[in-house]
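What follows is subunit A paired twice: with subunit B in the first complex and subunit C in the second.
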Partner chain A sequence: MQPVKIVLGVIGADCHAVGNQILEKIFSQNDIEVVNLGVMVSQDEFIDAAIETKADAICVSSLYGQGELDCEGLRGRCIERGLEDIILYVGGNLVIGKKAFSETEETFKKMGFDRVFSPDADINNVSQILKDDVAGRRK
Partner chain B sequence: MILLSIDIGSTYTKGAMFRLNGEKLEYLDRAVCPTTIADLKIGFDWIKKKLDPKKTAEQIFFTSSAKGGLAISAIGVVPDLTLMAAKSAALSAGGKVVSVHAYKLTGEHLAELLKKKPDIILLAGGTDGGNESYLLHNAELLCHLPSMVNCDKLPTIVFAGNVALKDVICHRLSEAGFDVHPAPNLLPKIDQMEPEGAREKIRNVFLRTIVFGKGLDAIQNEIGSEPMPTPLAVLLLVEAIHNELPDFGDFMLLDMGGATTDVYSAGGKLDAEARVIMRGLAEPIIKRTVEGDLGMRVSASTAVDSIGDTLSEIMDENQRSSFSAFIGKLESVPEYLPIDPEEIHFDRCLASACIHHAMQRHAGTWRRVFTAEGEAFVQQGKDLRQISKIVGSGGFLSAMSDFVPIVIENNRPSEIISLNPRNYTYLRDYNYILPLLGAVASSYPKQAARCAIENLLLVEQGGTPNSL
Partner chain C sequence: MSTLKNKRLDDSEFSTEQKEVLATWPTGADVDFYEAIEFQKSIPEEKRFSSALAEANKGRKTLIQPRAGVALLNEHIDLLQALSVEADLLPTTIDAYTRQNQYAEAQNGIQRSLEAGRSLLNGFPAVNHGLKSCRILANAIEKPIQVRHGTPDARLLTEITLAAGFTSYEGGGISYNIPYAKKISLEATLRHWQYTDRLVGKYEENGVRINREPFGPLTGSLVPPFISHTVAIIEGLLALEQGVKCLTLGYGQLGNMIQDVAAVASLRELADEAFNSAGYSGYQLTTVLHQWMGGFPEDESKAFSVIALGSAVAALSKATKVIVKTPHEASGIPTKDANLMGLKATRQMVSLLQDQSMLEIKRVIEEKELIKKEVKHLLAKVFELGDGDIAIGTVRAFQAGVLDVPFAPSIHNAGKLMPVRDNEGAVRILEKAKVPMLAEVVEVHQARIKQRADTEKREPNYQMLIDDIYSVGKGRLVGRPR
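And now, the complex of A and B:
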């Protein structure tokens, strides 16, 4: 199987850079090819990079609490721009205030994300899930 | 030089005569007669003779809203993106959007589309080089239509989607029996709406489908020029006032008829303030919306269905049953004019509620959100709060000398804030000539724009006995 390729970045005006570096490192160790766009990435920059590199998935981070707003409409733009089959993951500090994670998960899934992760997600685990999802999608 | 402008509407044929003297266009006279449905030229000729018995007119303009305007079904992929762009292009071409379809069409969608009897299907989807699968699916499904209807009822297709599929899809659809017109993509890039190409195609289809038959082609042959869809003429006039008379400022125009309430806005803020996050496609500077369910006569009962809540808010408990009787009367006799004070009051309530809702649907909105930096607003659509003039036209608004439409404040504790004008003066098209001037604006924009505002009358606020 061709290696799994992802576009990675921190969305919106968010400049938290540390988690992004860690994610790149662990995904790479798991034989996932990472196109890392770094921090402060717009929806269209994610999509541009995914189109150009023919990525299997877009992994979005949001740490500063505005994730819901920044991620709104991403799925629709993917579809119009020809990425109707791309896998969308999101993770980071998505919960604002005292909301339960399940509620946040539902919100992001409604927006078209395939999977939603909390800050304590084990990235080795996530790598395996991602590979399985990609294998399913490629069939 | 004497100019005539004649509009053939679905109920009435109206005409106006103007004198053009260099930079000045002067309004002279106006005439109306019932539209002669079987042969439209009879009414047209009658108006011409009535206004200009000595045949002094050197140029004649004519517009038509026959069949209540061009019916368009809009098909796009994502509701907020290509479907939105398709709707907006259809409206700015003077069309009436009868159905909208997002994502993948199904058999059910096809059945609904057929029921709405569109003249045109505007097929959009995908940015250039973008989505192909949804477009291919939708085109393939549309190929079933020719076997479902008589071919003379088959809608014309304007294709304005992903350029990469233009040849393939247009070929496939014309093979299936459709008359297909390729246009440039409405949304070539994700943030860039380009409706002009599709608009032009829609106008061409209007000329061919509406003009032929019922005498319009005979009129065209006689006067040597093509008709324009009436709403497009109004749009041109709004554009002319905006471009030629910048001192007039940003404004809105309400054109309320028996069947629809049309709202136009020229200007309005498009860029965001601090604390405001813009969402959705940038709307055109000159924007038009049409509410097919809100109208004073033919659509009076659908209006009651849509906006009954507002109506009952502005009416006394004990008036409601006689109000229903009044609406029933309007339905069976669309040309009915209210006589007693109660009916006149009802008519005004209906008008107020239609205008309120048509404006709410036209204006942009703010949604309150909380971010890391505190409270902010997500804005969708145009911010019209600074607009300082509203112009009223159409049979009812032109006639009412003491009626000022009131924008009902959003006093409900809602998360959505409407960005409608807050402080404005209200001007009335008291001769009801704006649509007629619109056609003239196609050749003489500056003169028509000036003549239009010279023929507006200020209506004092507070003149409404039943303001909301």
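And now, the complex of A and C:
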């Protein structure tokens, strides 16, 4: 199988940089090719990079609470721009206030994300899930 | 680079710029500096930040202050009124869109929050709410309020909030750029913050004291004390040059008590020394400790221990104030009740330790002397790079990697300096990259790191650093291998 390629970044006006740098490291260690856009990435920047690099997935982080506003419409925008099949992941502290994770997961799945991860997700596990999802999508 | 200098802004240049700044969003039009002076003068003493800090400093007390901000005015007032029962000093944390001057997005956030019946913004969009609403807020709260944010270009926000009656203002041209921005140049932000500092200077010259607080913790991720201290002192020098007279310098708790107490103590001494030798006097200097800024345990009881450790450090180091975390920290923005719990836990610890200090302990003094040696060496290098001008020196120092902040998002930061915890959890330098350190100091750091490497029977490397980033959330300070 061709290596899995992802576009990675922190969405919106969010400048949390630490996790982003570590995600890049761990995904890379798991033989995933990472196009890291860093912090403060707009929806269009994610999509531009995904088109340009023919990525399998867009992995969005949000740590500052405004993820609900920033992520809305991303799936629709992907479809508009010809990325019907792209896998969308999101993870971090996605909403304002402490909520049950299942509630947050539902909110973001309704927005069109394939998987939603809490801030304590083990990235080695996520890497495996990602590879399986990509393999399924490529069939 | 042609125009940036550490020199007081010229009055006519300032007024031309002021007109431009106030025109960047419609709410700017309501600001009238002389009306604002009169309003500020009408604010009672007990609501002035500078007075509360002066009194605490005199009594060697540690004041407590939360972070808090929501999208809508009435909800924000309710929140601050509730917190004011436990807190000595209050904040207004500004949302992330306003921090990037995205006022249209902030407006959308206000609208969406109204519709949702809950805040969808992570702070209070003060520019959008404007002068009148901010003044309603300032009038409704019985304690001193500070603007807390992370805004590279905060000129309009400063104009509006100071005119509205806030008496303290956080930030600086380095500390609100390197950790909070991706591409904006240091020349630009240093200049923007000269404007903010000059405005505060103008208030001061008209008899209104506004407290200024450079943001101490920077990225909050294992930033060695000598790096954040050097930045804080530079921002202090830049502020003093513009006429600021009331400064609170900050530091983010790292976890090892000896290092943390020594850091707070050294910050005060180093700042006084640097300010005096640059020719400044007659200023009011205080300190702030930020409770642990890194990842927190999810479990709320465990989170309280982290909060308590920071509170203990603040009291034992005689920090003038402490910025308080909450048991919800692992999940992001806290509820009002969680915020209150953090304040109560902090108050209890700070009160218990109010009459004790660790400042006389031998190992604290040794650690303090180490930090002082490190800062003096680095600061001298920054001055040297600027041919004596600290603003120019700062720009060149970041370009050269001489000033280097771990885990910063800015492309203008080298990101080559690599910290790691030693065997007791103090943060040391594993790879100094281009940051100037005396050979004898490097030896101390290397020896401490070797103790840990020997204990763990592994090489110190990036993996060790990653382990240290997540360790507190997982229940220990040193990221030992599993």
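Note that the second predicted complex is superposed on the first by the 138 of 139 C-alpha atoms of A that agree within 3 Å, B and C clash if a C-alpha of one lies under 4 Å from a C-alpha of the other, contacts with A are read in each partner's own complex, and residues count from 1 in each chain.
Here is the rule we use: contacts are C-beta pairs under 8 Å (C-beta built on N, C-alpha and C of every residue); 3 or more make two chains touch, one makes a residue touch a chain.
Bear in mind that the values here come from a model prediction, so they are computed numbers and not experimental data.
K.L.:
Evaluate whether subunit B and subunit C can sit on subunit A together after superposition, giving fit or clash.
P.N.:
Here the two partners, once superposed via subunit A, clash with each other.
K.L.:
In the overlaid three-chain picture, which partner chain does A:44 touch, first (subunit B) or second (subunit C), both, or neither?
P.N.:
In the superposition, A:44 contacts subunit B only.
K.L.:
Once the shared chain is lined up, is A:135 touching subunit B (first), subunit C (second), both, or neither of them?
P.N.:
The answer is neither, since A:135 touches no partner chain.
K.L.:
Taking the superposition on A as described, I'd like to know which of subunit B and subunit C A:98 touches: first, second, both or neither.
P.N.:
Only subunit C; A:98 stays clear of subunit B.
K.L.:
Have a look at where A:69 lands relative to subunit B and subunit C in the superposition and call it first, second, both or neither.
P.N.:
both
K.L.:
Check whether subunit B or subunit C contacts more residues of subunit A in the superposed model.
P.N.:
C
K.L.:
A:80 contacts which: subunit B (first), subunit C (second), both, neither?
P.N.:
In the superposition, A:80 contacts subunit B only.
K.L.:
Classify the contacts of A:17 with the two partner chains as first (subunit B alone), second (subunit C alone), both, or neither.
P.N.:
second
K.L.:
Under the contact rule defined above, give the subunit A residues that sit at the interface with subunit B and also at the interface with subunit C.
P.N.:
The answer is residues 64-66, 69, 96 of subunit A.
K.L.:
Contact residues on subunit C for subunit A in the complex?
P.N.:
Going by the criterion above, the answer is residues 95-97, 99-100, 102, 105, 108-109, 112, 118-122, 150, 179-182, 219, 221, 298, 328, 330-335, 338, 407-409, 462, 466, 469, 473.
K.L.:
Given the complex with subunit A, which residues does subunit B contribute to the contact?
P.N.:
77-82, 125-127, 129-134, 187, 190-191, 277, 279, 369-372, 378
K.L.:
For subunit A, which residues are in contact with subunit B within the complex?
P.N.:
Spelled out, the residues of subunit A in touch with subunit B are 44, 64-66, 69, 72-73, 76-77, 79-82, 84, 96.
K.L.:
Show me the residue ranges of subunit A that touch subunit C in the complex, using the header's touch definition.
P.N.:
Counting only subunit A, the residues touching subunit C are 12-15, 17-18, 21-22, 25, 38-40, 63-66, 68-69, 93, 95-99, 119-120.
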